[in-house]
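Two complexes come next, and they have one chain in common, chain A, joined by chain B in the first and chain C in the second.
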Partner chain A sequence: MAVTQAAGTRSVRGTGGAARSASPGRGSRPRRRRSGQWAAWAFLAPVVIYMVAFYAYPLYRNLELSLKDYTVRAFVEGNAPFVWFDNYVKVFQNPTFGPALLHTALFTVISIVFQFGLGMALAVFFFQNFRLSATLRALFLVPWLLPLIVSASTWSWMLNSESGVVNSVLEAFGVGQVNWLTSPQWALTSVIIANIWIGIPFNLVILYSGLQNISGDIYEAAALDGANGWQKFWRVTFPLLRPVSAITILLGLVYTLKVFDIIWIMTRGGPANSSTTFATWSYQLGFGSVLPDFSPAAAVGNLLIILALIFGLIYIRTQRKQDLT
Partner chain B sequence: MNGKRPWWKTAIGIVLTAAMLFPVYWMINVSLTPATQMRKSPPAWFPVNATFEGYQAVLSQQLPFLATSLVVGLGTVVLTVALAAPAAYSLAKLRPRGRGALNFILLIAQMIPGIIMAMGFYAIYLNLGILNTIPGLILADSTIAVPFGVLIFTAFMSGIPNELMQAAKIDGAGSWRTFRSVVMPVSRNSIVTVSLFAFLWAWSDFIFASTLDSGGSSKPITLGIYAYIGNNNQEWNSIMATAVVASIPAAVLLVLAQRYVAAGVTAGAVKD
Partner chain C sequence: MITRVRKGRLIGAAVVTAAVVASLAGCSSSGGSGGDSSSSGGSYTFWDPYPQFDASSDWAKLIDQCGSDAGVTIKRTGYDTTDLTNKALLAGQQHNSPDLLLVDNPVVSTLADAGILTTTEESKLDTTGIQKNIINAGIVDGKTYGVPIGANTLALYYNKAVLSAAGVDVASITDWDSLTAALAKVKAAGKKGITFSAIGTEEGSFQFLPWFWGSGADLMKLDSSKAVSALALWTDWVQKGYAPNSVINNTQTTSWQEFATGDFAFGENGTWQLGNVKKAGIDYGILNIPGASGPNAPVPTGGEFMTIPVQKDTARYATSAKIAKCLTSTANFVKTDNTLSYIAPTEAAQKQQVEQNPELGPWVKAVAAAKGRTSDNLGTKYPKISQQLWGAVQNALSGTKSPEDALKEAQTAAAAALK
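Let's turn to the complex of A and B:
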């Protein structure tokens, strides 16, 4: 209610709304703009408070964890000594650091390329509105709905060395047993395959909704101008879909960088750290062992934030450029 | 589009969908396979000797976990929509000063990996004594969905024609009235979309559950499955049966909501 008043319009039920709205002249504009700001921020206030309490504060606690030497005991007693960047130095010197960085990069880039490419192809394919297209598209979303633990455990069993269906099929084609999850050279590939499968529906949904938001009138105009299907895609669909594509890829990066569940459930980052990413490494340090190492875990986590920030800034720059052109 | 609607496209679509859904089929197939045939090579492609022993195990052991997940999922949906929708309306239509900075923060917030939030929450919850509680888990789970919700709502609401807002203004509606009576009804489909994702993320959450809610009595279903994998590694029919059951509410939800998503919110508003 306070918001309504702050917005500067007196009463919703007032008669002759049209006549009244015509009355504010040029002189009242600065005042109206200021009260408009009040309304705008009143709508934003809950989220701002929420962000401070449930994002900023946990992040602050996480930073504190990484700059102090926390043990389980210090956690309870609250007297962990301040050690500056010792935890970060330890993390950099850790032999797991290099592999974790490489795996994080490979996992992210390969997943995104395939998810987006396949998602876009499928979105355009399903947008053609053939018989059953809506039903099939709905079915396509099922992998996305599955809790990650469900997908990860299903893929684990499918990729099982002795009893998995994947090896059984490969055997029929004369390929010998591949130790998908238990050999260091295949573990990362396995989790990437599972992650691509999980990510395709997400890309399909977002890109498809982007296609829907392109007005049918534009296609009609293009058809009147004699454009064929191929031209319609490259001259109409693709340019108009660019903002949605940028958002899709950004969100894909975000979600892929922090993927933890699939890897942890399928391989626990192993064998011998061969599928360890920053996310699983951090969890391994903090929660994955009998003696938790919260401080280095928080340090690894903060490095992951920095990685994410780099992508965020690239995205925002791309978006600014798009807005200018 | 051109009215011909060729069947071969449908055929390709069916093949693609079948390939995509093979793991789901396989999950169901394994859930019905008797434990004695689990290690058979090659595995049975169809559940010829179907057994429901896996599902009996679910009924006897996993129901409380499923109930917890439902409560957590619904709580997260309410919290997410209540926070995200007004904020998005403001960002999309009221042009607050500093919205660029807020958009930036929301984007960045989305990028913060769950493991980091989990560690921060763990430290806080430990001090507050709300580890292993359902409200604690709802709060933590909502952080996955709120920034995404604001961005999705903003994208949808930016597409609402300004003529519609101006019409409401001419009729004398203030910001709150416009939001409640014009923006929210028109955004119905985006509300469904955001709710859907918020529910699914909360329902599927593993990282917050395993860090913040692993010790108490009210564990969600993801931990139920995880404990299964750890404990009886050989009974894959029980594990897969639990997985199938854990997938059902999510699948039902999407099938129902698919209609809303497909309706196309802004097109309808313009035509009216």
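Let's turn to the complex of A and C:
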């Protein structure tokens, strides 16, 4: 996770900056440069220490956990045997793997599509700056400000089969009881709906700030050329928002891949694993029972990191292509 | 693409990284030994899973008292139950385990397996007078790893108003058939039957076990016909609407909230809700969970064990044992277990508890019929079996699989996990 984010931000700012800073260094006067370099390293040390202690080391530990066979006894005594990729093989062969992968993909893709679509629509809507738009926009931030445990618990009350408000409304319209959280057909849908609701404000805020960066002149010019509202959106707003959209979607992907609290609080990944994603599965393995199964849990966690990394790399590639054109 | 400048940077980065790692390693090793020497003064550490009790609580005061009786000060820390297992494992790994550790009973075998706990033989903890069925959860391969501080267990709370409105006589409920018949009557009277917790965690297994054991089934054979009959009973209740569909997602707390609405005839819940049932203003009674063909099914025991983790300085065990003995004396058992709403694990203390509070009578009876989840020398096999068991319960109740298929699959998976 951390890796992709770092890589992402670097490439946003870096493409111009890195080239500039590299060119004067290539020149002469090696001695002065060397002493200057030591000072530079001294300045860099705090950050490096921080990065190693809080990013590199945990990542290394997670990798080690997943490549060794840790039982509780081996965990305490520190003598777990090295088993190469046995834990990964075990994870792949586990009957939970296929469904968990599918659920992770569905959860992430559907969440992002709706969060981004609704976020974009709302951002454009609020950009009209009508009366009360600031107040309404602030209200839309509520899901973001609430602690996840509060929003997830509230959703699970609302979606309760017998006493939930959603079912009582549906009943008023003649629809029978839907077991939102307790039937395998609906559990995943329910957690996705809750996650979309929570993710909209993030998309709204970033896309709204992106809209503010588009110069009004362009819209004026478009209006002079006789573009209607629809054309203005598709020909001006959308293309100019592309860089902002890309980073929004990437961050959304990384956030959504690792969503754990909402699912755990609402369904515990159940019933019968029907809403288990990699994140909840990893927790289930590591901390969900009395007997922790650290190694497979770490293996699942690493798969999540790799997934996030892949998306990060795709982002960097497309970004580079865009810069070239 | 890598220019000379880049290469220089890489080497520099490598050097700094190596230096940092070396210094970190140095830090951690020196820090560890420093911590050890400082704690060997007159200070003993004590971890428990009761974060709800702060320093001013009776529980904390009792611990302080026992500490000063033993001539030491006790540093107590309360952790969340699920957190405590991992904290204890990590502490064991770093060789700075607390002197006294109070843990949930199924965790004892896990920690014993990790080699973190001393046996009562080593630590000289006194186990005389403790009821056999309760202490069994702490026995692995003939060795005892702790003393139960108290026990709680499950029974059926019933709502007298709902039952009399439906014309059900509680005395007639002696087995599964009569209970199901009672539920049918309650439903016909327009009220709700029974609520329990079948969530996909250890809680779900804990709640299912009275019915599983009540059928005569054995945890080593999850797909026996007896086991299937127990799961079929629950599935049948949910399908017929005697139990709400929400049980699939209920924790014991949310299940309690359902019972507390006053609409339900029965709620399967634990000793710890005794205080709340009075607050809810429900005219309640307590029925021991019936077995398939007779009263009093074996119920699983809950509750914590007092353990003494392994220390480098074995001389500390004597004082730790003194503190533990103080906490588990009859007088203090009564005090502690009344605060925790637990049943004491010795007959002498139970007698006193019932004298003070006759409502505890049925619970003492339930505890006498109770059984540790990790007993029968299941030990660390239990968590693996339990995980499959709650999975099967979820599969059957949600209608994904029939009880037979769900349990057959669970048995296959459990057998594979135990290999």
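Criterion: the second predicted complex is superposed on the first by the 257 of 325 C-alpha atoms of A that agree within 3 Å, B and C clash if a C-alpha of one lies under 4 Å from a C-alpha of the other, contacts with A are read in each partner's own complex, and residues count from 1 in each chain.
One rule holds for everything that comes next: a contact is a pair of C-beta atoms (placed from the backbone, for glycine too) under 8 Å apart; a residue touches a chain by one contact, two chains touch by 3 or more.
Note that the structure is a prediction, hence the values are computed from the model and not measured.
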**OP:** Determine, under the contact definition given at the top, whether A:48 touches first (chain B), second (chain C), both, or neither.
**Re:** both
Subject >> Contacts of A:287 with chain B and chain C, given as first, second, both or neither >> reply: both
Original post:
When the two structures are laid over each other on chain A, which of chain B and chain C touches more residues of chain A?
Top reply: B
Original post:
So, does A:175 touch the first partner chain B, the second partner chain C, both, or neither?
Top reply: neither
**OP:** Once the structures are superposed on A, label A:267 by its partner contacts, choosing first (chain B), second (chain C), both or neither.
**Re:** second
Subject >> Which of chain B and chain C A:77 touches, first, second, both or neither >> reply: second
Original post:
In the superposed arrangement, which partner chain does A:37 touch: chain B (first), chain C (second), both, or neither?
Top reply: both
Original post:
Touching A:162, do we find chain B (first), chain C (second), both, or neither?
Top reply: both
**OP:** In the overlay, answer first, second, both or neither for which of chain B and chain C A:113 touches.
**Re:** neither
Original post:
Is A:304 contacted by the first partner chain B, the second partner chain C, both or neither?
Top reply: first
Original post:
Taking the contacts chain A makes with chain B in one complex and with chain C in the other, which residues are shared?
Top reply: 37, 41, 44, 48, 57, 75-76, 78, 156, 162-163, 287
**OP:** Going by the contact rule at the top, pick out the chain A residues touching chain B in the complex.
**Re:** 1, 3-14, 17-18, 20-21, 36-37, 39-41, 43-44, 46-48, 50-51, 54-55, 57-62, 64-65, 75-76, 78, 122, 125-126, 128-134, 136, 138-151, 153-158, 162-165, 168, 171-172, 197, 200, 205, 209, 212-213, 215-216, 219, 247, 250-251, 254, 257-258, 260-261, 265, 278-279, 282-283, 286-287, 294, 297-298, 301-302, 304-305, 308-309, 311-312, 315-316
Original post:
In the complex formed with chain C, which residues of chain A make contact?
Top reply: 22, 25-26, 37, 41, 44-45, 48-49, 52-53, 56-57, 71-73, 75-78, 95, 156, 160-163, 177, 179, 181-184, 267-274, 287-292
Original post:
What residues on chain C touch chain A, complex-wise?
Top reply: 3-5, 8, 12-13, 16-17, 20-21, 24, 82, 85-86, 89, 92-93, 104, 106-107, 110-111, 113-116, 199-202, 244-249, 380, 382-384, 386-387, 391, 394-395, 397-401, 413
**OP:** Using the touch definition up top, name the residues of chain B that touch chain A in the complex.
**Re:** 1, 5-7, 9-10, 12-14, 16-17, 20-21, 23-24, 26-27, 30, 38-43, 82-84, 86-87, 89-91, 94-97, 99, 102, 104-124, 126-127, 139-140, 142-143, 146, 148, 150-151, 155, 159, 169-177, 179, 200, 203-204, 206-207, 210-211, 221-222, 225-226, 229, 236, 239-240, 243, 246-247, 250-251, 253-255, 258, 261-262, 264, 266-267
